[in-house]
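First comes the structure, then the notes that go with it.
Chain lettering (A, B, C and D) follows the sequence in which the chains are written, and residue indices restart at 1 in each chain.
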Amino acid sequence: MSDFSINSTQLVCVAQFVAKPGKRDALVAALAALIPDTRREHGCIRYELNVSLEDENKVAFVEKFVSKAAFDEHCSKAAIQDYFHNVMPELVASHHVEVFSEVIA
Amino acid sequence: MSDFSINSTQLVCVAQFVAKPGKRDALVAALAALIPDTRREHGCIRYELNVSLEDENKVAFVEKFVSKAAFDEHCSKAAIQDYFHNVMPELVASHHVEVFSEVIA
Amino acid sequence: MSDFSINSTQLVCVAQFVAKPGKRDALVAALAALIPDTRREHGCIRYELNVSLEDENKVAFVEKFVSKAAFDEHCSKAAIQDYFHNVMPELVASHHVEVFSEVIA
Amino acid sequence: MSDFSINSTQLVCVAQFVAKPGKRDALVAALAALIPDTRREHGCIRYELNVSLEDENKVAFVEKFVSKAAFDEHCSKAAIQDYFHNVMPELVASHHVEVFSEVIA
């Protein structure tokens, strides 16, 4: 058995979005536009956008924040709220946002 | 619209596993045991294990390698093959491994 | 004694610059301007600019590339050459660029 | 001029050590031994040891913590204090530890 511990302070998020048909590029552009300001949040450790090599309509953010409070503050930002309430309904067929704690081996 | 480009050289992988009932801790231990040797692979950029805060049986590796070749070499290692063929069938109810390219904003 | 190995494929660089008096902000701006294009280089893993909390004129890039070849290609870019040959002489009093290999514990 | 901001919450540290003649490997081993426990500190974002390709006796930690408080807590750990007070005098000819704030472009 391996020896490990869990970092319950920092917060990891994997946020996956499947674009509606024909909307993948617009979705990538909309999500990429969120990156510069998010990286300037003092609690942001990582905020990386990725496109799937297996599902041409799928994109995923890999995120890490210094704490749940920093993540919650991020989620409350006007640009993020605008994305979820106004942009996502136009561009996204389905999505799944899940938060994690890192296991340190 | 945001300005972005895609890093088609490096490879990102999100590998998710849902443990069978009662097997979460054994799964975390089995996956954590893969971390030290993987991080010593010269093509490994990131190999981080995480436990879900929403599904108590779910764990996810967030991975990045310098190239698809480096990722393929990783996947062919004896310890990884042993995990997929011998360990995973005992411990995992379902899994999803997906590869991505990072979008650089 | 600890057990470790050295990643001789990837390349780490710490590039330190001390601004001439009154030139710190101009130096930070000049270096920050190099970040977006460098991060789009497919061999770039990390390219982070930092300002010292101990010497108000000192800044340092912490860099990682997938290989020495990728680092050399980065160094040959027109914007980097322009910085070293045209911008740095105006703004920098002294500098030290050093490359490293990561020790994986 | 580039547009940038400074992350004054997180803390970056570059800690450089030059080994006494013949002590480089013992120094790398002593520093590598600090890595596993440090990475388990909840405030640790990055703690990477590197060996110089230009000075065979030089090693450098590249570190990032969620806050100055987390960094100070790290520095107060028994293993770190033991390194600075008991191990370093035996193995190190000179050293320079400097803290930074990241510039977000």
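Here, contacts are C-beta pairs under 8 Å (C-beta built on N, C-alpha and C of every residue); 3 or more make two chains touch, one makes a residue touch a chain.
Heads up on the chains, UniProt names are A, B, C, D = Antibiotic biosynthesis monooxygenase.
Note that this is a predicted model, so its numbers are computed, not measured.
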Shared interface partners, meaning chains that touch subunit C and subunit D: none
Homomeric contact subunit A-subunit B: same or different residue positions, threshold half: same
Whole-Å gap separating subunit B and subunit D, where each centre is the average of the chain's CA atoms: 28
Subunit A and subunit B: spacing of chain centres that average the CA atoms, whole Å: 17
Multi-partner residues of subunit D (each touching 2 or more other chains): none
Topology of the chain contact graph, where touching chains are joined (line, ring, star, complete, other): ring
In the complex, subunit A residues that touch subunit D: 5, 7-10, 39-40, 42-43, 45, 66-67, 104
Subunit B partner contacts - residues on subunit A that touch it in the complex: 1-4, 6, 11-12, 14, 26, 28-33, 35-36, 48-55, 58-60, 62, 98-103, 105
